[in-house]
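Below, chain A partners chain B and then partners chain C, in two separate complexes.
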Partner chain A sequence: MSNTIIELKNVSKNFGGENVVDNISLKIKKGEFVTLLGPSGCGKTTTLRMIAGFEVPSAGDVLLNGASIVNTPPHLRPVNTVFQKYALFPNYNVYENIAFGLKIKYKREAAVKKAEIKASCEPKAAAEAIKALKPKYKNAIEAKIKSVLKMVGLSGYEHRDVNSLSGGQQQRVAIARALVNEPEVLLLDEPLGALDLKLRKEMQLELKEMHEKLGITFIYVTHDQEEALTMSDTIVVMKDGVIQQVGNPTDTYNEPVNAFVANFIGESNIFDGVMPDDKVVKFDNTVFECTDVGFKKNEKVDVVIRPEDIYLMDVTNQNAHIKGKVISSIFKGVHYEMSVMSENKCEYLVQDTAQWDVGDEVGMFIKPFDIHIMRKLYTSNIYEGIIESENKVAFGGGVYEAATDGFAVGETVWVKVGLNSVEVIDDKEQGTVGGEVTTILFKGTHYHIDVKCGNFIYHVNTDVQWDDYDSVGIVIKPENIKLFKAEKKD
Partner chain B sequence: MKKIGIKRSYLAMPYTVYLMLFIFIPMLFIIYFSFVDSKGGFTFDNIVKVLTSSESIGTFLLSIFYGAITTGICFLLGYPVAYILSQKRFKMKNIIIVLFILPMWVNFMIRTLALEYLFESLNITLGAGTAMFGLVYDFLPFMILPIYTTLLKIDKNLIEASEDLGANPKTVLFKTILPLSVPGIISGALMVFMPSITAYAITETLSDGTFNLIGNLINMSFFNNKGYSSALAIVMLVLIFISMMISYKFNDKSELQGGGLW
Partner chain C sequence: MVNGETLKKNAAVKPAPTAVEAEFYKKRKLNYYFGRSYVYLLLLLIYVPIIMIVIYSFSKGSGFQSFRLSFDNIKELFTLGSIDAREMLTALKNTLTIGVATAFFSTFFGTLGAVGINSMKKKGRNALLNASNIPIFSADIVIGIALMLLFANLNITKGFATITISQTAVIAPYVMLSVLPRIKQMNMSVYEAALDLGASPLKAFGKVIIPEIMPGMLSGFILAFTLSMDDFVIAQYTKNNSFQTLSTYVYTKIAGKGGLSGALKPLSALIFFTVLAVLLIYNFKKSQDSKKQIKK
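Here is the complex of A and B:
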């Protein structure tokens, strides 16, 4: 008997031709606190809704205790949900809201029991036994509600109108309403999103406490990385419907698998670098010692350094790896958060308890094991394309001009476009294709952005600072489009 | 720049004049008639007669009774329609809505007369039954639309929460959707109940004058006893006022903003 309670097997969900969740597989252990973490639109809520039963997967299977529940309607699943906007019934008071699920459950039980009693004894005795059932259930409901209200800290609120409660109290009622049904799995969809910071932190700890006390599985959805780090046993980082990394909070923070995760979990400096050799990395025109091995010679990599791992020292200090100038300094309570511009015009984010003033010349020191090297997910854009006509090739959702010498019209080809060769323009209509900016990474000297155009993603290096969801157009110069025969992909 | 010399409130003047001339002043006449005897002296006789005569009390009770039945039938016919229309999956939605509203664009007198000829051509004797049919036919859209708008406004999360807590589709309908649509039901019920207890032309035409509600009684008695007829009208107005108050009280309680007609 395995201790896996929920398993997603190659699950996809398609809305209007777009894969919101794309072939994800995940195992969730009994009693685990799992957080699905990602930016909005990454598919985390859809994943949760498929477990709850509000959405049916387009492909794949959802297993509960080893049995498929894809065709089980939500009301028959032993899971309960805490909704983002609480979804309390406005026409019922606190007691009635919490009793909602219990009443349904007991009604079902009572019907079975009544039939049993009727079948087993004389009509007269049966009538009396049935009469005795009602108060028994009523008392059971009352006792359960009392204890669950005590747990969420709302004793004595039974008869309050739910609309008269504060946001935090409403959230507690919503949690109580779900927990009172003793679900095997509790699903929480950004439950603390509407609360203010202080209350949110309090509720985080309370939820964690409840999880420890009850021992049931919690699946929690949030876009708040701090929340995820505070509460979870396991964090599942998602992006564009795909799972990026699964791991415990410490590992996810200390050893992010790629630049996206590093950027999303905590603050990071992410630079483009190359590995000339094992345990040596070059970025910002400087060679650093590091601890990573197993890369190809001169492989392009992402270098991630946490801001708290950069040490500032006097500019004359011999130990300093690089020199720079403080360009901004903000006091954050425990530490100062500073931006340092290196001599090669690369910007570093640094957190230090000592104060340095804007304009100060500083030296920076980084320990070898604090330099995290990550394989790049991609070093160029590669698409499958088709030659439309002479000098025209269709790929990535648009038709581009390109040199098509040596290819026949109608031939399928591989198209390669460098990250620096894609131009992003303001006007969506003026681009060959239009889309919106989804991911933004600052890389010290430039920005790396992803532009989503329908089902295609363009990876772009740019000097311009775009914002999330900016509508942009994509333009690629003909000479920057490289075509390859379909059979050999590199 | 020179300021234009009218206050904004002056713009309401034309309507105010209209209101005074054709609604407020006639109301004063009715009040005056109901407290004056045939010789022109002040009297409570008319009001007393309305409140005590078996004819008027009987007609009032009959009107309320039939009004309630009309409302009930409209609810039973209208709620399922409104519910089906409010479902996202339902593709023909806009066509059906137009089909329900379409008759409202035709003058109700024409519709009523058309119904009369229809009944006659089918050899159906006009009477209480046909009058009821006419009332339901004319007022059904007033039941459907407020319920429909309220149903549209129900937070889908609440329905999901209900399913999540173990409610099967039937329980979701009766324990969640129906209670949440109460404001729409009340406003629909009011919009059917009030015109149907005071209906006059529909009942007159479709019952061939055999089925008399308050409206018909007021009309019939006006020519021989102005005072009595006016007193009937006043009592009817009070009744309408009371039922409005009751409905406001209900709507106050509910957090959902009640579904107005449009």
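Here is the complex of A and C:
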């Protein structure tokens, strides 16, 4: 028998014309602690709700133990959920809340048993046997609740009103209520989101302990990367309804597949670089030794260096790769977090236990295997467009002026716009199209942002620091719009 | 100690009000008494008819003629000595049965409507909400006539059933409006939690949603009952000639110049006090509940 308990096959979910989950496939092993990690709106909760049965996928299949459960309603699925805001039944006490699922389960079992007894022996004996059933189930429920309460550390709370409990206690009741049914898979939808930091950390460890003790599969949804790293066996990083990376915490942290994952998990320096050759990378006008191979000659890449992997040394030290000046230094308890501006005006985030003061000249040293090279997802914006009229081309949700020599009106074309050629302006109305800033990456010398305009995304390099969800307008100069014949896709 | 002494000193030093100030205080006092007496006068005007009914329950005759102390009317109400009184009691029974039936059906349909509308998408929800407001805003007489013609065309014998159906049609939207806010403020993930724990949708509805919206349903029920008791127009148009509710009975008697039973006065007083008692108990319980909530 295969080891996979839950499998998502090309699952999509469409809300109002937008794919919240976009063609994801994922296998989850029995007994695994899997975390779906991503920023809000990335589709992680929707994915969980499709496994629970509260949402039906628009396309694709959800398999449990190899059988499709897409058409199984939530109350018949052998999974249980811990909800974001506990969702305890306010009219029941702790005991009744936890007993809710068990009572239903036993009622079903009892009905079957009763029919069996009635069929097997004479009426009088049957009546007595049925009478004996009730206390048996009652005792079983009581014993189970007692043990689950003990596990979540709430022994003796049976008869408390759920409204009189603290947030942490309510969360424990919610976990107990789900666990007592011994589900094959436990789904947790940001269960610790409403708790304060200290309690959250405590509960993280407790949940992990429970997982180890029970051996059932946990699927956990969170936007907190630290939580994901602490608890999971496997982390699934999602963005815009698409899975970016699946891996164990160490790999996800050390070997992020793209700039988004690198930025989202842990703190990092991300720079634009080029690979002149195998094991050599050039960024910040400096050539570094690295360990990555298999890139095209002079391929443009993203370079990731974790702040704890940059070593600061005296500026006169011969080993230093780059020289710079400390421009800020903050004490963080275990280490100092410093910003260092290199000679070529590139900003590095550095964590070091030694203190350097603002204004100090420093040398920076980076070990080859601490430099992580990632393929760029895109090096320019490419859209399908149509020639509207002479010198006007429609693409990316707007109509732009461009040189259309050699193209007929109405012709479909490929449009290419460089990342540096897109201008972002404050006033949404003044732009050719308007949209919202979605992703922001600091690249040492500039920002890389994504602007979402309706169904189109503009990737932009900019010197201006924008904030998430800023409303902005997009302007592109005619000379920066390059058109290609439709068949010649770049 | 020091503070207290300074305070006392300050109090002693406080100067007597000037003439302007005295004038101001006087005016304010006058305004206060004027406002108060206005409110009392208004309340008195509202309650005069009821007070009269209560007082004249202990008087001879069926109207508000000169007061002559007698317990005849009360005796008649409880012994049902005359045909008039028996007719009146039948009408009262009809009114109460129709009231309970209408309240029951209105609560049933109103609650289902509220649940349904709440789970609809915004566009459909607004359309349906507006549509269900039509019976509330349109005149009873229009609906009454329309229903009367409908029953006539369908050859349905008018009586208890037609009145109940008609009143339910008009009153159910009120119940819906009293239940809807309760559902809106409900945390719907509680319903999902019940499904998740194995309850069928129907069971989850009964075990989780109903207890949550019970207060809204209860006040909707009471509202429906009183609205049904109050109704004259719709009952008048959708009843047959021999069937009477309390309101139509009184109307028939007055229009036909027949003998209006004197027992009507003590009966009205009795209904008033019953409703008052129910209202007081309901409010008392509500305040007790909210006190309990605060204590938690």
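In this text, the second predicted complex is superposed on the first by the 490 of 490 C-alpha atoms of A that agree within 3 Å, B and C clash if a C-alpha of one lies under 4 Å from a C-alpha of the other, contacts with A are read in each partner's own complex, and residues count from 1 in each chain.
The working rule: contacts are C-beta pairs under 8 Å (C-beta built on N, C-alpha and C of every residue); 3 or more make two chains touch, one makes a residue touch a chain.
These figures come from a predicted structure and were not determined experimentally.
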Using the overlay on chain A, decide if chain B and chain C clash or can fit next to each other. clash
Once the structures are superposed on A, label A:Asn80 by its partner contacts, choosing first (chain B), second (chain C), both or neither. both
Touch check for A:Gly167: first (chain B), second (chain C), both, or neither? neither
One more residue to check, A:Gly193. First (chain B), second (chain C), both or neither? neither
In the overlay, answer first, second, both or neither for which of chain B and chain C A:Phe100 touches. both
I'd like to know which partner A:Pro39 touches here: chain B for first, chain C for second, both or neither. neither
Between chain B (first) and chain C (second), which does A:Gly60 come into contact with in this model arrangement: first, second, both, or neither? neither
If we overlay the two complexes on their shared chain A, which of chain B and chain C does A:Gly266 touch? Say first, second, both or neither. neither
Who does A:Gly418 touch here: chain B (first), chain C (second), both, or neither? neither
Would you sort A:Asn181 into first (chain B), second (chain C), both or neither based on which partner it touches? both
Contact residues of chain A, present in both the chain B and the chain C interface: 52-54, 73-76, 79-81, 83-85, 87-91, 100-101, 104-105, 163, 177-178, 181
Which positions of chain B touch chain A when the two form their complex? 155, 157-158, 160-168, 171, 175-176, 179-180, 182, 254-256
Complex contact set, residues of chain C against chain A: 187, 189-190, 192-201, 203-204, 207-208, 211-212, 296
Chain B partner, complex, touching residues on chain A are 52-54, 73-76, 79-81, 83-85, 87-91, 100-101, 104-105, 163, 177-178, 181
Give the list of chain A residues in touch with chain C in this complex. 52-54, 73-76, 79-81, 83-85, 87-91, 100-101, 104-105, 161, 163-164, 177-178, 181
